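In the two assemblies presented below, chain A is common to both, partnered first by chain B and then by chain C.
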Partner chain A sequence: MSLEVVSNLLPPIIMGFLLGGLYSVIGFGLSLVFGVMRMVNLAHGSFVIFGSYFAWVLLTIVGLDPLLSLVIILPISFGIGFGLQRSLLNRLYRLGVEPPLLTTYGIAIILASAYLLIFTPYSRGLVTSYSIRSAGFGALTFPLIFILDFIAALITMIFLYILLNKTYVGLAIRCATQDPQAAKLVGMNINHIYALTFGLAITFASLGGVFLGLTYPFIPASSFTYLIIAFGVVVVGGLGSMLGTFIGGIVLGLAQTLGYHFFGIGYQLFITYLVILVMLVIRPQGILGVKR
Partner chain B sequence: MSKKIRATKFLLPLICLIALIILPLSGIPWYYFHVLFIFFTYLILAEMWNLLAGYCGLISLGQPAFIGLAGYMLAISLYYGLSLPLSLLVSYLTVVAFAIVISVPVFRLRGFYFVIGTWMIPEVIRLWFNNWRPTGEVLIGVGGGAGFRVFAGLTPQTLYYIALVAGFVTIVLKRYILTSKLGVGLMAIRDDERAAESCGINVLRCKFYVFVIAALLTGVAGTIFYLFQGHIEPTNAFSIYWTNIMLIAVILGGIGTEAGPIIGAAIVVILEQLLAAYGELSQIILGVLLIVIIVTMPRGILGTIYKVQIHKTLLKKLAATS
Partner chain C sequence: MSERPLLKLDQVSVYYGDLCAVRDITLEVRKGEIVSLIGANGAGKSTILNTIMGLTHPKTGSIEFDGRRIERLETHDIIPLGLALVPEGRRIFPELSVLENLLAGSYTRRARQNKQQTLKRVFELFPILEERKNQLASTLSGGEQQMLAIGRALMTDPKMILFDEISLGLSPIITLKIYETIKKIRSEGVTVLLVEQNVRQSLAVADRAYVLKAGRIVLSGGTKDLRDEEEVRKAYFGA
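The block that comes next holds the complex of A and B.
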């Protein structure tokens, strides 16, 4: 009896853990933008879905495999993020806290409506030969795509770690996070750093979007779901801590798959949101966060 | 001369009000009442969001929670056979109770956490109502929808007057709040929160009062709208679309100004009617408009007018000629 419960419970736990890696990637983008620019990017989820739809267009029209299409999607996403920050958002900081925030809200509305207009409200999915295959270890089987998700997430997080901690650009970004005024004083072009950061965040959002599109079907309204999940990752893990973000992602991934396991598909997101809300109430600074 | 200006300031709203009261008797097409009805609901929403965001700095994206909750409580109470006034009472009490309960966690959040934390509230309730079947009826389509059982005695005209009264009460109430002790505190908070706090204003209590009042009146707008609509369904009731309307109306009119939301709501209603044929494209246009307004005139239409002082010269000319 108990063995059966364990063997039933093991696949959702493994899937949740593997999915969590991906969630931490999209959460880290949100946390990076907030850490560097003190700006809440409300369009973050919309850029996640941007990746999904972009890959879907390339898959259905050109027939390009989603993994290969990353070569096209990532540079374009970076360009969009960089351009948006450089041309629009950078000029808003002198007006105060609300204007950049409300502008990202405007971008979120525009993108979500554009998806509805172009792709209709029907759910889409990136269906490839490997996205529907299952992986198994003995009696234990679950979709193969979850392993791919985790590998992608791991590579991204390692890349980000090296970028932020070992390179000159990373040093500049961390410097701008700690003290923008001092960064300006030593001669850094802070607008450029902001644009780079935003570009990076959007790149990893759409990377997350491509893999999430392979894993789950998506609709235009998923933008808001992923915004909240990215936010939840930051809430659970704590702002600015990379390890915390990783833990936060895994907690939410587990909440989602276990919620599905115990309460069915209608409640899986509800359980995930509930975890975020409970965390907000009892420990808003996150598991590894420092109280500000 | 200043007496005349004050008289104009007082007379203009009065004339508007009387005109709106006698309008149904003139027999103009129903379409215009529909537009005005929508305008009154949007006006309430915008006024309340202005109090929250403009005066308290509470950028709450969670107001649809109160709209949907009020609408749903009304639908459920009516379904179980309560009379309309009693159902309205039930739904308003629920909204106020919910606002008080939710204010405990919400007021612990700051900045980043507040914005998305409030955004989550309607989403969570929506997911709950997606699964819950309060009226126990089988419905086609996305789950949790409910029709309103009673329409008895509610002609479009009655609904128009209900919305008119609600809109009028909102404006009077806002005026009353802003001239009261609470309002002075709010304006101090708007100008400088820290300075206000060090002057001995209980910032948290002020914000709490505004949060609950805003929740109640947003709920009132919700019940009026759904009485008119006749059916309710979670995806629309807790939709981000409501937030769009409040935000665009307030930003367009002028955030933190008194008359801004009225102008903003009027423009949003007109735009919405003009763009109705374009479906989703209208949302894109509204989004672009929002960004353009923020970039070109961050204080909105009214804020910009105040800045360049057009209204004073205009009023002076008006007073001089009459």
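The block that comes next holds the complex of A and C.
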């Protein structure tokens, strides 16, 4: 391989790796909800885009910087997730797999239609001074925003690790995952823990949405793109492993940026989906998942 | 013995759908007692314990613990009152360490205050748990897992512990050791309600016993009177 090919390949690899961190944040929200409640949240991608549009509104109307707007967006997202689980989803998970599936799909459709009505199908983007800046060393340059994406992902992962492993809330989440009945028997309020978990998942989703909105343009249908990516992260990485989710995110990030590099923008998501598909065929439990 | 019972069930009936699991259960446990509830498989023993703990709710009847009505409370509101259950099959958290399992027991605000003291007490009772505190709970032997389940229940700082089929799947030696521990726990002021198929063993440690058959209490009394009694054998094995 000539030096030129390598140096051309380096930026997409770095970008894919950095972007992958963000994908793992989205994936973790989905996998957390499934791991704790055995519930598939088909509206997960809609909440990713919720973060993007929320930041867009604050940026275009109030002029608030997307990074600063996180202070508003994250608590509200948590509240929405918490309230949704407490008022609606907690009534459903006991009834089996299908009722929450249908309900969250309904939420996804409602949100997608709402985005369409309010924001039109035209693509939007969060354009700031730093979202169009380049970073790099010498000849090696790529958009600066990818570094911010990765920092955000890293902070989220560290926060999550500490929450799950060093606090009573995290202990309760892990107990509820392993044996809800036993968790009740030590005095844990399962419905409350489920609501906290869903609140966290939605917070991660919209956090991902704000940074993805800074990185790529978005449309109402991006909800479903990011839902598939979140699924893909879990499929590739394996369920129930934080490290696996992280690796899954990186793999999909790389698939996208390398797909773009080799085949052009029209194929970047196609390549990503292809990787998910291949993974489902050859190793359905994921890279670090345990065969069940 | 004239003081008010710590736990009192009055005419409790529990249904699963249309099916009546237990009917008109009336029983009481006084402070400091070990009371045994015996009966064959399917007689409704676990149902009674689950109902006391708020995991299911009775259709009729009342349950009183420490002077409070609890039959409509949820489990997470009952635990802080000082009731704990060591469930059948132990139900430890397999992918948590031994220490984390115990800390999970101290989840309620009340239990958290005395966490260190209680932990010390549990480790004195079961030194093996301290030795293995950083191990995953799933790597423990059956007997050790049972100790962990008891330790976790103790961590909730209970006034009373309910034990469900504690000797199930354990060797006779381990079972004996577990029963010694139960006596020790009682001597430290914790009231005990035992549910067992192992009649001989549980009658040996209990002060009083209730015999359950097909969802009803058919016999009760002091274990001295009940032991070796033809009636028990008939009620327990009865045709």
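For this structure, a couple of remarks:
Following the convention adopted for this analysis, the second predicted complex is superposed on the first by the 291 of 292 C-alpha atoms of A that agree within 3 Å, B and C clash if a C-alpha of one lies under 4 Å from a C-alpha of the other, contacts with A are read in each partner's own complex, and residues count from 1 in each chain.
Heads up, the rule we're going with is that a residue touches a chain if its C-beta (ideal position, glycine included) is under 8 Å from a C-beta of that chain, and two chains touch if they have at least 3 such contacts.
Source: prediction; values computed, not measured.
After alignment on the shared chain A, the placement of chain B and chain C results in a side-by-side fit free of clashes.
Of the two partner chains placed by the overlay, neither chain B nor chain C lies in contact with A:Ile219. Taking chain A as the reference, the larger set of touched residues comes from B, when chain B and chain C are compared. By the touch criterion defined above, A:Ile109 reaches chain B but does not reach chain C.
Once the two complexes are laid over each other on the shared chain, residue contacts for A:Leu144 go to neither chain B nor chain C.
In the superposed model, A:Gly187 lies in contact with chain C only, and not with chain B.
Annotation: apex chain A, arms to chain B and chain C, angle 90° (C-alpha centres, rounded to a multiple of 10).
When the shared chain is aligned, chain C comes close enough to touch A:Arg174, but chain B does not. Superposing the two structures on chain A brings chain B to within 15 Å of chain C, judged by their nearest Cα atoms.
Across the two superposed structures, the residue set of chain A contacted by chain B and also by chain C is empty. Residue ranges on chain A touching chain C, taken from their complex, read 168, 171-172, 174-175, 178-179, 181-190.
If you check the complex, the residues on chain A that touch chain B are 34, 40, 42, 88, 91-92, 95, 97-99, 101-103, 105-107, 109-110, 112-114, 116-117, 224-225, 227-228, 231, 234-235, 239, 266-267, 269-270, 273-274, 276-277, 280-281, 284. Contact residues of chain B toward chain A in the complex are 53, 59, 61, 104-105, 108-109, 111-113, 115-117, 119-120, 123-124, 127-128, 130-131, 143, 240, 244, 247, 251, 255, 279-281, 283-284, 286-288, 290-291, 294-295, 298. For chain C in complex with chain A, the residues that touch the partner chain are 53, 55, 74-76, 79-80, 84-85, 87, 91-96, 100, 103-105, 107-108, 111-112, 152-153, 155-156.
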